[in-house]
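Below you'll find the structures, each written out as structure tokens.
In the two complexes below, subunit A is the common chain; its partner is subunit B in one and subunit C in the other.
Moving on, here comes the complex of A and B:
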């Protein structure tokens, strides 16, 4: 097993190195003529831009500030979305009528891209960070609810009965049995929800950046407007890196400490 | 002590009907029964006779008509005075360690003292010979060990009644006889009252101080004290006779 994993890791490294070589070759050969510098800036330029993004930033504001703003709004939205999803899915276990209605709401709302609601949301919230938080909540709430509800409904009857037998009722049964028993589902909801929220956040920031609370999306857009494409690519790298950090620094450890440790997933 | 004071479970006219939209199935047709404190009552019966449903009604997992009194109190919902040990190995919460599985119900009852909790869980694990496994998660245990923990969990709560629904049916023969011995020893030491559902005649004779046979509709066709002194072995006097009687009672509806 270990050996196989190691081999897989090296294959991935070789693949990445190969891609970088292809990129650099395309840049050196100026494959796209005069536009080549914009489409394929040399790796060195991207690397320098990566450092400059943080050191100098744009208009005297470092990329750190942009990242900080984005992460703050993302964090607020995720927190609200996750808590709402848990409360509403929990309510579904109490009332069957509510479950019917909420399932319908999930099915409908999940199809609506957050960005498509921007015009309305802007009218409600004005051009304020609230819009971004709303969009993040929208992206995480529905997939998370769908997963949590599926998880609750899939809890084996024996856990519920064992829970009732030792005196759990209502909310204590929900928190003491339903929630831990469906952690697998909650985590997969988190994965989907977080990825959607992250993308939704960047799109929204790109479509309309808020000067009072500038985020990563706005930064990319500013780079685009100024044709600083090396900086733009460098920022895309930052987006990927943040995504990887959340995946491997937060979600995977959560998984290892719960379902893996409890033998509920391989 | 008079007979009445000694009675821990009284069941009056217990009726259970499973009511699907199309079919109406009467599982228990007016069952009356009393169980004395300290009795180890084994219930034998063919599948579908209602023995599990009977146990589930006592546990409060099913709605029913009629009355069930435990220690003089009327019961209709689950409670910690009647702890169920299921056949399914997965009755322990996988997200809690062995120790936490035992302590959690006690915490719910308001016991907060950590030393006391540890003392109780250690004590009940010693009773089922699982000391040293406190920190294990259920998925790290074998089926037999999980059943031991389930029994330890029940013991820690000191319930009026321990309800066991074929707890050893899915175990291999060797582990089963080992666990039978443990349960026998524990129930004698603790003076627990146990209602034990099984479809295995030998198991009923080995464990029960009183043996019942159910037939369709929860009809009690056999109800006698076990005449064989413990520990029961197949060589004991009367073993063959009681086996024969139970076998006949079990197959009384076969028309043979």
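Moving on, here comes the complex of A and C:
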């Protein structure tokens, strides 16, 4: 680890420690009303609840099962969303008319919150985990498409001409020139898409809870209803940890091994 | 510089959190008293709506003390949110389902029941030809829509199962949490097999004639049993008995007003509920609106036996303030 990176790491650690101190102080001073300990529990209670969530869970079902279901649905939705974004954005480079239509669709659909579409989605897909997958696809597809399309459109004309000169056409031009030249945009789209999908999944599960396929959002809802706020905060911590694992364990290494290694990004 | 930024950020967060606490502690300290009341949407909350629209709590307080009180009504989405509001001290009073109210008392949120508000009919409807009793649902993959896991409707389903000699949690994995109108739409389109709902959706689904009713649910919890109750912070009861009494009087007057002016009340609330005046009147007349609780302690005992709450209240008096009649 270089000296500069080491310093940055320690600043982050100090910041997290400071936040924990602020939390504990607020909890101990009972700043949130006469029953502050119920709605703003101390760190010790949250820590205990964190362990209990996995050891005991709710109604005999461990949080592991909820996480497993959520990650499965998220994985399916992300994969479909990313593939669709690449295909549809690629099609935009083949047909100008399609690009105009798709740009309009992105502009309209990206504004619609997934959970607001829930009643329509239920009518179309029925009551199944497929509804959640659809909402994840909706969360990831539009921001990802916007980024990928911007990336494709930013590819210098000379690269495209060079590709055509060596005989690349259609899909081979897309894979050989457009995609490598816009990797920065694709990775940026992946980061935005992942964050939107993760939030969309939890929101959808909190509103539309299928008990036969319980996810993390449903677990949070169950904890809220039962006033188990320490367990609820501990679950939020799990959400943050999973988010950080994906961010620093998957997305950052991809970025380091591609755009940063190739000098396309600092 | 970076350390300074982190320090400033932490300090501002601390000040922000501190500010919230200070705000909470000042809620009822001004010359003019204030009361923050949370209620929810639906027919079952009609006495609260009447008290709100007619200013009955303000009137009762002025009559008793000659002073003014400022009452703020806040519409919220769930009993869980109201529980948080009362625990934080931002709310003094809330109206919610009997089940979340019992959970709140047991978890020591700092309130007790000060009145019953209403009882409504509940029903479990199915669109499946092969489902004619709860036993037919156990072990099947048929899905049951109800408003939320842990809601009063969920507890009623568990109670109906228990009274049919089945495991109260036998259908937990068949539940899909959906709001009443979405559940009704899903039942109509065939997207779900069953819908457990309350008035007025109960009547709408019955009147369509397309569904079969599994009557174990309506027998397990009738319109005479407590469905929605009012809870008040213990601090209000202990520190301001005049205001507490005005609150109880205001709600009781609203119920008396409903008894004598049901047509007028239907006209007042029909637009809010999205019904015609005639339908609203019909739905209101089928409900029960009394201050006396019914089977509240029995519900608490069942919730404890079935594991919905960890501790059982010792007596009915643990759940309600001493002015509340009933069981």
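By definition in this document, the second predicted complex is superposed on the first by the 262 of 266 C-alpha atoms of A that agree within 3 Å, B and C clash if a C-alpha of one lies under 4 Å from a C-alpha of the other, contacts with A are read in each partner's own complex, and residues count from 1 in each chain.
Assume a contact is a pair of C-beta atoms (placed from the backbone, for glycine too) under 8 Å apart; a residue touches a chain by one contact, two chains touch by 3 or more.
Given the structure is predicted, the values throughout are model-derived calculations rather than measurements.
S.K.: So, does A:164 touch the first partner subunit B, the second partner subunit C, both, or neither?
M.R.: It touches subunit B, and subunit C stays clear.
S.K.: With both complexes superposed on chain A, which partner does A:156 reach: first (subunit B), second (subunit C), both or neither?
M.R.: Only subunit B is touched by A:156; subunit C is not.
S.K.: Which chain, subunit B or subunit C, is in touch with more residues of subunit A?
M.R.: C
S.K.: Just checking: does A:75 make contact with subunit B only, subunit C only, both, or neither of them? Give me first, second, both or neither.
M.R.: Neither: A:75 stays clear of subunit B and subunit C.
S.K.: Between subunit B and subunit C, whom does A:253 touch in the aligned arrangement: first, second, both, or neither?
M.R.: The answer is neither, since A:253 touches no partner chain.
S.K.: List the residues of subunit A that touch subunit B in one complex and subunit C in the other.
M.R.: none
S.K.: Contact residues on subunit A for subunit B in the complex?
M.R.: 156, 158-159, 161-162, 164-168, 172, 176-177, 180-181, 183, 258, 261-264
S.K.: Report the residues of subunit A in contact with subunit C in the complex, numbered from low to high.
M.R.: Against subunit C, the touching part of subunit A is residues 11, 14-15, 18-19, 21-22, 25-26, 29-36, 38-39, 59, 118-119, 122-123, 126-127, 207-212, 218, 221-222, 224-227, 229.
S.K.: Mind listing the subunit C positions that touch subunit A in their complex?
M.R.: 2-3, 6-7, 9-10, 13-14, 17-18, 20-21, 24-25, 78-80, 83-84, 86-90, 100, 103-104, 107-110, 141, 143, 145, 148-151, 169, 172-178, 182, 185-186, 189, 191-192, 233, 235, 307
S.K.: Name, in rising order, each residue of subunit B that touches subunit A in their complex.
M.R.: 59-61, 77-80, 82-84, 86, 88, 90-95, 104-105, 108-109, 137-140, 157
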